[in-house]
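The data blocks that follow each hold one structure.
Below are two complexes that have subunit A in common, paired first with subunit B and then with subunit C.
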Partner chain A sequence: MILAKLGIRNFWLQRQRNLFALSAIAIGVTGLICIGGYIDRWEHTLRTDTIYMRGQGMVSIYRKNGWLMSRSLPKKFSLTRSDQDKIYAIIEKLPGVERVGSVLNGSGLISNGCHSQPFEIRGYDLAVDQWMRERPIVKKWCANSLRFIRGQSFATTAPGPLIGIATGLAGLIGKSAVKALTSSAGPLTSLTEYCSGPGAAARIAEDSNVQLMAMTASGHFNATDADIAHVFSTGSKVNEDTQLTAPLSLVQDLLQTDRVSSVAIYLEDFRRTDAVARDLRERLSQAGLSYDVHVWNERKLSPMYSGLMNFLHAMSLFCTLLIGSVVVLAVVNLTTMNVLQRSREMGTLKAMGFGSGALVQIFFVEAAVLGVLGCLIGTGIAKVLAIGIGHAGIHFTPPGSSVAQDFLIVPDVLTIFEVVVFVLALVALSAAATAWALGRRSCLDLLTHSA
Partner chain B sequence: MDVVNGVGGAFVSLEDLHRSYQLGEARVEALRGINLQLKKGEFTAILGASGSGKSTLLNMLGCIDVPNKGRVLIDGVDILRLTEGAKSRFRNERLGFIFQSFNIIAVLSVYDNIMLPLLINPLIPASERHQRVMDLIVDVGLEPQARSLSNKLSGGQRQRVAIARALVTDPVLVLADEPTANLDSETTQQIIDVMMSMNAKRHVTFFFSTHDEKLIRQVNRVVRIKDGRIVE
Partner chain C sequence: MLRVSRLVSWTLALYAVASPAYSAPSGDVLSLLRDADRGRGGIQQGLGWTVSIDSQDDGDSSSTTYQVRTRGDNAYVEVTAPARSKGEVFLFNDRTIWFFKPTLKKPVAISARQKLTGQAANGDIASTNYARDYDAKIMRKEPVNGASCFVLDLKSKHDSTTYDRIRYWVSEKRRLGIKAEFLSLEGKILKKAEFKYDQKVVVDGKSLDFVSEMIIVDALNSANRSVMHYAKPAIVKTPDSLFNVNNLLR
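Entry: the complex of A and B
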């Protein structure tokens, strides 16, 4: 207690000198929390987008090698009705599962009646789509992706063969209208007139009808009419020009199959992903079933998430090293000054029988006070900055993104905790190491060579 | 700790003590074969000119410097054979220090300053520490200032704190390096009185360096040192 009192009072006595180190720590904490908050914002957004908006779920089940091959060889690598029944029976007994949905991926050509473009389509359960759009976590972190550029969700649009189309692809086939907005194009008298007659571009744009053509699972050619229910942005320039979404039944009709590419499992808590995946693999194995079980954050399944998060973490590591170095230098400098100035005090304590450990303890307490104050101030500033930036409504378009994103800093409690622990440890260790190194001088040296 | 008998069963025994320093190019012989014995409870002053080796001798006795040659026995313990950790414990449990510049911790109260050595003393139970500190505060006449910060005290009051701090662990030997050098004559007399009353009341051996004639007249024994040799 007396040693703590000694530390705290010396801290107050040297408050002007401490101010510099305190500022360095507070600014460091602010910087680290802001960087962490920025990474947290993308972590949440990309994770939610990957799991929900891309219909992948936390855990997905494919036929062996199905993730890679089901699109090109659907007959061999997709899940049959029998497979699906067996998988659903296993999942029913799996704890922690909130929702299950089937996904069928395919590809083909989309036509506006005049020209065609290649597409990739994802068919999924409409009930899952509706459930996902109502989830608070999705509304919070994927507000941009939830918002349709035009149109409405499948569930709220008049029934019929419906698709959602990415903005890039909609632009490529000249479609701006959606089913709800479409006025009747009138009887078609001639395809030439429809495609190249006067007002053709406007007529095509106002017509929500498109034709989808694809190779069926058994290798035949099939086509179907569909209406655009909504235009959405994928958020990524890479697939903005190719993506379609549709109810599972439409894609199954188009591909003439009752198979699906995968079964997606949504868990109550994403942190249990690996545990559930392990459990599932075990249950499948016990049932004598051989399927591939993938988790949402595997690099090949979610390259956007993995790539961006790796980049952000590398960037944050670099910034952390820089900020950490500044904090360490400030604390080492401060402690060195304190130790040198208080050599006589240290010598006196040593003469009384105090060991180097006790002396380190005194400077440790001073550093702890400095660290705690710095962390409190830094956290406060970071919170104010985060709120301010959130309210400022700053938008920017990150590299590779097809839409502008809100600039947000949303630090998690865990991030703040990690930053505080990191900085406190850094401050305490720097002070203790410096005090230890300088305090090892002999008692006589400390007493006779005091500043 | 091994107990060894000093010369003639002396309580403190310095035997053929040598200490030299390298000061730039020159070699300074600070102590040149010191032989000295102190009896238990003696109130002894060591007198000598500046640079005669008084402080070096006190440092040897205080286990904060090591001789090049010789032996130091205190209460039967050959302190040169102790490890650094054992020396720290020995200083804490058996020795008390009073410094010329008081060396009290300015940011702590009188009470806390006196309590400091007890924090690491395993021989005195925590339950006794408060009473022990309070008794000494009364003995040195600082009761009204017990909770005052030490930097609010006068020089004499600070030296009283230092005396109380030196005595709080019930040491066998108190070493004081010119304890009255920074005090006026009136305060010096007060400090001498306090030290002598502590010596009488607690039977603690005092060994201190001084230039003060007034102080020398009041001690049991005066040891004179010149050029690193005892010239008693």
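Entry: the complex of A and C
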């Protein structure tokens, strides 16, 4: 107790010198929490986007090698009606499942009547889409992706065969109108006039009607009319020129099949993903069924999530090393100065019978007070900064992104805790090690040393 | 010194003889290619035939029948079987190909390179006009099934052709394409084809050999193949309106 009192008293006596080290620690904590908060923001957004907006769910089930091959060879690598029934029967018994949906991927050509562009289409359950859009987590983390650039959801658009089209692809086929906003045009009499007559570009842009053409599962041509219900952004420049979405039924009609590419499982808690996937594999194996079970964060399923998170983690490691070094140098410098200046005091204490360990304890307490204060101030500044940045409404376009994103810093409690523990440990260890190295001198040596 | 120059001369002479490029006047090559095209429907008069394509693709088999009517650079190809595809139309307007079915509001522009069924591409179904679409060079002469053939190297003149490069064996005597290898730009063989001419069509009073069968085989997996059976070739009168894309909408 006496050592703690000495430590706290010394901290107060050396307050001017301590202020420099305190500033270094507080700024370091602020920096680390801000970096952590930035990573947390992208972790939440990309995870929610991968699981919900891309319709993958936390766990997805494919035929063997179906993830790779179902788009090119749907007849061999997609799930038949019978496969789907067996899978749904097993999922029913799985604990922690909140929702199940089916996805059918395909590819083909989209035409405005004048020229065509290749597309990749994802067909999904409308009920699952509606449920997903109402989820608070999706509204919170994927507000930008959730908003349509133009138009409305399939459920709120006039009935008929409907598609959603990515902005890039809409631009490539010269479309800007969506069905809900246009009146139905009369029958076309001359394609030549429609495509190359006066005002052709405006006429094509105002017409929400498109044709989709694809190879059916049995290898024949098929084509269907559809109207654009909404224009959306995929969030990624790579996919912007090719992506379409549609109700599952439209894609099944186009491909003339009742098959699906995968069954997606949405869990109540994403942290149970691996456990549920293990459980599911076991149940499928017990039932003698051989399907591929994938989890949402597999690199091949979510390259954007994996790539960006790896980059952010590498960047944060570099920054942590840099900030950690500054904090260590500040504390070592401060403790060295204190030890050298207080050599006589240490000598006297040693002469009174205090051991080296006790002297280290005094400096440890001083450093601990410094660390706790620095962490408190740093956390406070970081929180104020996070709130301020959130309210400032700063937008930026990250590399590879097709839309501007909100600049947000949203540190989790766990992130703050990790930063505080890391900095406290760093401060205490640096102080204790410095005091130990300098305090081992003899009593006489300490008493005769002049600062 | 004299010996060395003689050796060099002989080496150059031997190289010239063994050189793969077979020199022939370019007009001859074009005329050869036009004759070969004629045997595969490439004539200016209106011509009609039916073609059924039986395909084996990764263990699945399918069969589709088309009614083809061509004139010059245009073709109107209608699916007659299977029943669910009946009424679908492929309209070849020079180098543009349109796909249409009665339930569509507008036709869809498609590519000649796109897979039609099995190993056959859209561009394989109508008449052939290699003389117009490819730069040709005779590489060498080579016997195929005992018949002497010119081996032609065809390079695409534009990107709306069905294939980038074709190695084409044309019979010296019959002036008809006997076999072909369809290659990528890098020279990799994608598909192989063989042709038979067991029927005739009378054009301007002259009886011409006409293709009766074309077998297209995947170069990587010979089990994947399409056999195109051509039947009932005849000169038919086809109005211009048949090839007008606007008329598909009516």
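Everything that follows uses one rule, which is that the second predicted complex is superposed on the first by the 446 of 451 C-alpha atoms of A that agree within 3 Å, B and C clash if a C-alpha of one lies under 4 Å from a C-alpha of the other, contacts with A are read in each partner's own complex, and residues count from 1 in each chain.
We adopt the following convention: a residue touches a chain if its C-beta (ideal position, glycine included) is under 8 Å from a C-beta of that chain, and two chains touch if they have at least 3 such contacts.
Remember, it's a predicted structure, so these values are computed and weren't measured experimentally.
Of the two partner chains placed by the overlay, neither subunit B nor subunit C lies in contact with A:437. Of the two partner chains placed by superposition, only subunit C is touched by A:75; subunit B is not.
On subunit A, the surface touched by subunit B in one complex and the surface touched by subunit C in the other have no residue in common.
Interface residues of subunit A, counted against subunit B in their complex, comprise 2-3, 5-6, 9-10, 13, 344-345, 347-355, 358, 442-444, 447. Within the complex formed with subunit A, the subunit B residues making contact are 59, 62, 64-65, 85, 88-93, 97, 99, 101, 103-105, 107-108, 112, 115-117, 119-121, 165. Those residues of subunit A lying in contact with subunit C across their complex are 73, 75-76, 109, 111-116, 187-192, 194, 209, 211, 213, 215, 218-221, 223-225. Within the complex formed with subunit A, the subunit C residues making contact are 55, 57-58, 60, 62, 64, 82, 85, 88, 99, 101, 103-110, 114-118, 245-246, 248-250.
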